[in-house]
Amino acid sequence: MTHSHAASMLADFFVQVRERTRQLAAPLSDEDCCAQSMPDASPVKWHLAHTSWFFETFVLERFEARFTPFDPAYRVLFNSYYNGIGTRHPRHQRGLLTRPALSAILRYRQNIDQRIATLLGDSRCHNECLDLVILGLHHEQQHQELILTDIKHLLSLNPLKPGYRRHETEHMEGGEPIESEWVCFAGGMQRLGYAGAGFCFDNERPQHTVYLQPYELASRLVTNGEYLAFVQDGGYVNPAWWLADGWDWLQTHAITHPLYWSPVAEGWHEFTLAGMMTLLAAAPVAHLSYYEADAYARWKGERLPTEFEWEHAALISAGAPSEELPMNDPGCLHPAVATGTGLTQMTDTLWQWTQSSYAPYPGYRPDPGAVGEYNGKFMVNQYVLRGGSCSTPKHHVRPSYRNFFPATARWQFSGIRLARDKTPW
Amino acid sequence: MTHSHAASMLADFFVQVRERTRQLAAPLSDEDCCAQSMPDASPVKWHLAHTSWFFETFVLERFEARFTPFDPAYRVLFNSYYNGIGTRHPRHQRGLLTRPALSAILRYRQNIDQRIATLLGDSRCHNECLDLVILGLHHEQQHQELILTDIKHLLSLNPLKPGYRRHETEHMEGGEPIESEWVCFAGGMQRLGYAGAGFCFDNERPQHTVYLQPYELASRLVTNGEYLAFVQDGGYVNPAWWLADGWDWLQTHAITHPLYWSPVAEGWHEFTLAGMMTLLAAAPVAHLSYYEADAYARWKGERLPTEFEWEHAALISAGAPSEELPMNDPGCLHPAVATGTGLTQMTDTLWQWTQSSYAPYPGYRPDPGAVGEYNGKFMVNQYVLRGGSCSTPKHHVRPSYRNFFPATARWQFSGIRLARDKTPW
Amino acid sequence: MTHSHAASMLADFFVQVRERTRQLAAPLSDEDCCAQSMPDASPVKWHLAHTSWFFETFVLERFEARFTPFDPAYRVLFNSYYNGIGTRHPRHQRGLLTRPALSAILRYRQNIDQRIATLLGDSRCHNECLDLVILGLHHEQQHQELILTDIKHLLSLNPLKPGYRRHETEHMEGGEPIESEWVCFAGGMQRLGYAGAGFCFDNERPQHTVYLQPYELASRLVTNGEYLAFVQDGGYVNPAWWLADGWDWLQTHAITHPLYWSPVAEGWHEFTLAGMMTLLAAAPVAHLSYYEADAYARWKGERLPTEFEWEHAALISAGAPSEELPMNDPGCLHPAVATGTGLTQMTDTLWQWTQSSYAPYPGYRPDPGAVGEYNGKFMVNQYVLRGGSCSTPKHHVRPSYRNFFPATARWQFSGIRLARDKTPW
Amino acid sequence: MTHSHAASMLADFFVQVRERTRQLAAPLSDEDCCAQSMPDASPVKWHLAHTSWFFETFVLERFEARFTPFDPAYRVLFNSYYNGIGTRHPRHQRGLLTRPALSAILRYRQNIDQRIATLLGDSRCHNECLDLVILGLHHEQQHQELILTDIKHLLSLNPLKPGYRRHETEHMEGGEPIESEWVCFAGGMQRLGYAGAGFCFDNERPQHTVYLQPYELASRLVTNGEYLAFVQDGGYVNPAWWLADGWDWLQTHAITHPLYWSPVAEGWHEFTLAGMMTLLAAAPVAHLSYYEADAYARWKGERLPTEFEWEHAALISAGAPSEELPMNDPGCLHPAVATGTGLTQMTDTLWQWTQSSYAPYPGYRPDPGAVGEYNGKFMVNQYVLRGGSCSTPKHHVRPSYRNFFPATARWQFSGIRLARDKTPW
């Protein structure tokens, strides 16, 4: 593929990704886009701006011929964590940025879009520049999922329980899920980590050898109905099932059920992006912390997989691919009932907590410069989630993809796939 | 005055007050109106809604013929503190109410306005009803000042330092202030508290006798220039001047100057409702906590007045009234340089901290019902401020008017009038 | 009285007071004397040392001929709040001072005792020196009560519920209390504050005129039985009775009854200095916060007295003095059932919360130098308690005596005397 | 070995271990033994009691013929974390247990000692019982080290900076350390985890296969002098070297140097168990958090080892064993300057932070019953330290031994051994 062809394909991808972000914000008011529900979440407006800031700071500033910033103040306002870039607006005060207005941010996006398009059309745009644009787009796709998780959290705290998008409801049903079965893997010496020629994040490299004991994975995710049995068995009041830290966390926050569940007279409701719904027993249980996922697994006498087991299983036995949606169709933003055979629900339903703490691979080197702060700075006190969710952009994930959050995080689309050691016989 | 004449005058007053609240929000975007900068402050949208809620709950619900709520959810959402009314939305989460939208709240206001107008035009609207409308209007005027103090705080935290209203700047200058002089008062047995026939809040009653020792009050408020001398003398690093609690508060929050001051190379800037300005030495120092006001007074070898001294002085020697502005002209929203003779800057410049803790008057009885939670519930750990400020609606205050805030509050338009015991000779 | 006679009487008083402090610590182990149960309380060893530090720093350092400190480190270790003296050991870490050992502190006390005795025997010891010794002794008597309240709090947190002194139990009974009656006072212009020739703290001065409306005081304190009726009527779950701050405090700390009460199958137990006892309905309810005292009074339709009403009442109608005990007999360290006629239980049972916030009297001037930090620094966000308790040293209090604590303080011997406005007829 | 011979040898070991614990407390006063400096640390008295509680609860209660508890209250008071045993005294209030007295706890120890001795002499004492006694002794050895780290922390907060044991000072010197060299390891498939016939904790099992890339370890620990260069290079003010969480931790706690260092006019002092000493540049830097260890490694361009690298290296190339001390001679309680060749300072100097988060080995199963809460409950948000320290009992550690603490822990004897990937050539 010639350089100009690559640049041209990238230009198309750029337009698609950027347009989808804008569409995700479309159902929301200016007020919805400005509020921040907690320090871990960001306002939608901030996501819209920060993803543009990324291109301006890491691409345009370096490669544009006569770079001038769109607005010098944005350099500080929309920096997320990059110490190499300088000071930042305090994370917990992002919701106070009523100015610049949403309309100004949308103009900012347009401006960046035009300048990146021009840059990509310039024959002097070389590989380093293209690579940073590609990084920026994958970065933006990550923020697309965060837009959905963050707005879900915000709306859930509103006593009116407003939905993000009404037409979700038509998807939110389904019959019984498939039976959960154990799928066996022999383990042994395996090469893990990204080895392809396409894009991956730095934390997926280098490819390296890992030795795995034989193991088994459940063929689908744990359902609401199965998790409810844990709740009803006193799961949240019996310390036997919980890590010590998890038990303290339960007590401190008086937690008695998953994040978006709420008890009603006749059973349970669940807050969704379509508003408040009856809890569907057949659908996968979602929005769990690591502590809850781990406690459930202990109660069942099983365990969570390691991230290496998950990746190995995904490499050799990915189930039938889910129906291909056009990249910019968000599909149903709620986890669907399991269907199919073999390992199902691997990447299109819920992120799956692993028991692996987030750590560098042997030989890991972050990228040079401020971009290198992307991943490595967070390799402590976080746990890896593998897969992808109903809210993850299509084609965004890979078997080697590593998501990570602290053990207390619940507002992500996170669920449980059980694992166990394979009993030799 | 006939009943219908009173009702008709009240209807005019109602229209004026309600319209002014709407005008105060006019320079702000939907986003500005939704954000909450701290638990002590409320979003402008919340103020717009809560003041309407007050009329709906305390007037319409009781006196309207076929009352139906505008929206039943608003009863909880926009209740501020009235336990007698039921549950409330948590105060620190008011900024998360992106729904109902600002536009919905403006429709709510219109609806309430029409229904109150109808009620006031109804000959069956008796005195109890009129009294509650009057209370609601004075309540709304209090929130008009809070709209200004709360939006000032929000905008001050925005790194862009945006102004609320640009045309303030033309007022923000002036020559030297008048010389500060001591005005003497003989004290003795005095009747204090409201004794007129008009409106007052329950905490201004009953009128009662107080014995005052002879005392003196400064003829004007302390200026920025005078306060700066305290700062430059190490006022914020010497515990000698501070109450023990105040000193702890300074250390915990690393406070080194008044709230809206910021040091720049060539001196000091001050954040105002017109944005960031050069600190004007001649203007009164504003936005101080009780601790700062008290520390300054000790450093000068003087003290703060009691609320009784202040009221007595206001009753017998109010200075020349400030130029009368039409009620709905907000005037300059920044404290002006002192002019005139006698006691100046009593009610139109800054609230003045007194050394009196907020307590009931002898014989005080709160109003019956939930309205009685208006004042009495807060009579602990608060200090009384007397007077009024540049942001207080015209004609809103009286010599007997009692404002009150915790000793740490700085975001109000609060300043210092010095007092001292009169030396007998 | 000649100077030498005064000095000689003072020397006797000095020996008595110092000896009593030592006796109060006698039933306690080295470990008991070292622990600190919360930042508001201090270890007994710290009290033993700090009261000696007071004499060393304010008396010996100024008046001893060839002063050398007992141990220079003690100047920092045992300074409580005197910024004028220099740095201090952090208050909340007093319990970590396992060194110096209790035995070293007892030697310190002996050393100070000898040197003060020598100083008092010296004819050159003039009035200023004598006055500071007297101040030090009254200061030490205050700490004697704190030794008892602080050790009571510490022992209450021990699951073994150990008593401080077993022989209390013989006193802890009694029949029915006297009937509670209203005692009327006409009020009017009154002179309050200390006017005698003896010792008083600076906050009791100057004497000044106050105007009082007619009022009534209850003839005895509220009993456990009466307070239990409030608890059983849902007093702790109904916000109607509580100040807003008090209600928040209840929720935050999940408070449902007085500090040392604990529910048992057959009713209530109360922790006392003699260990855990059955709650005696006839005895006065003790260890209440201001919020609880105020809420009870509202529930009864009455109010707390002002400190001025209390002092005036104490001046003109003190009941029959309680049986005179030798100064160093601590008597029963638990509040006794009311007996007698007129105003009873004024100074020997429990401190009585007043509705008066702690503030300077008109014309108040703190003493010069670091001693002046004794009282004035604390005149914010505290409420005055009047009277005295079963744990207050005999002869320590006066009608003008002002004790003060924050509204949340419960570990002091604090109770309720009701007041009401006198209905004119 | 016959059963009775094993029991007899165990009885000797029991006496030695128990006696050493008592000796460690011997230099301390009753007060020293009672205080708790922070929630992470426990009073020495509590360690003395809890280690006895372990034998009483897990051995005597199950195996003693006519078991009666020494004191039923101790079951709650001295339970550390075992939910299976019932309720516990709150961890942060252990310092308030002035009762039972130290003398009572010493009697408790004696009582348990006698009963265990009797049990071990009984021919019916079978293997399960012996195994629990052995577990209890290794548990007690862990608490022996905690006694030293906890008392060091307590004494360090005392402004008098008292030493635990004066005679340390004679050991605290030394010439230059050996040069730091890289020791190479080829990696490959390795069997790790405990495979011997002796005692190990459950978290060291099962033995399992791990694949290691080639790597190198530094031959000795990082010294104070080397670490000081990091400090002086602005290591604590440059976010480039720190994990994001670590940087937040630095800011929140205003940390600018290792825990026990303090700057003085002429350089640095270090608090030791012998009191305050001049910082010895040649000695290993100690009492670092994981964040500090990791930041130093990044600054050097190296990394921390994984726990698997460390164990593998320890297995194949342990340096010359340190001079054999009798088990109950604590030796020098301060890390010594490096001497020797090959990998030195592996187990007798400082625990070494690894980059491995604490997680179960493949196939890990905790022991059944409450004893199973010993290790597995803590496998989240902790990092593994390998080796042993100058304060670890002799013969207590193994190559497979896994110590673990949160990334913020600094009061342990923790240091840095650098690692790096082996560059292929």
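Just so it is clear, A, B, C and D label the chains in written order, and each chain counts residues from 1 on its own.
In this section, contacts are C-beta pairs under 8 Å (C-beta built on N, C-alpha and C of every residue); 3 or more make two chains touch, one makes a residue touch a chain.
Keep in mind that what you see is a predicted model, and the values were worked out from it rather than measured.
Undergrad: Fewest touch steps from subunit B to subunit C?
TA: So the least number of steps between the two chains is 1.
Undergrad: If I average the CA coordinates per chain, which chain comes out farthest from subunit D?
TA: Taking each chain's C-alpha mean as its centre, the farthest from subunit D is B.
Undergrad: For subunit A versus subunit D, what separation do you get between their C-alpha means, in angstrom?
TA: So the centre of subunit A lies 38 Å away from the centre of subunit D.
Undergrad: In whole angstrom, what separates the CA-based centres of subunit C and subunit D?
TA: 47
Undergrad: For subunit B and subunit D, what's the span in angstrom between their mean Cα positions?
TA: So the centre of subunit B lies 59 Å away from the centre of subunit D.
Undergrad: Output every touching chain pair, sorted by label.
TA: Once each pair is checked, the touching ones are A-B, A-D, B-C, C-D.
Undergrad: Which positions of subunit C touch subunit D when the two form their complex?
TA: Answer in residue numbers: 29-35, 37, 73, 76-77, 89, 93, 95-102, 154-155, 157-160, 162.
Undergrad: With touch defined as at the start, can you tell me which subunit D residues reach subunit A in the complex?
TA: Going through subunit D, the ones touching subunit A are 81, 83-84, 189, 208-211, 213, 239-240, 242-247, 290-291, 294, 303, 355-357, 359-360, 362-363, 377-381, 407, 421.
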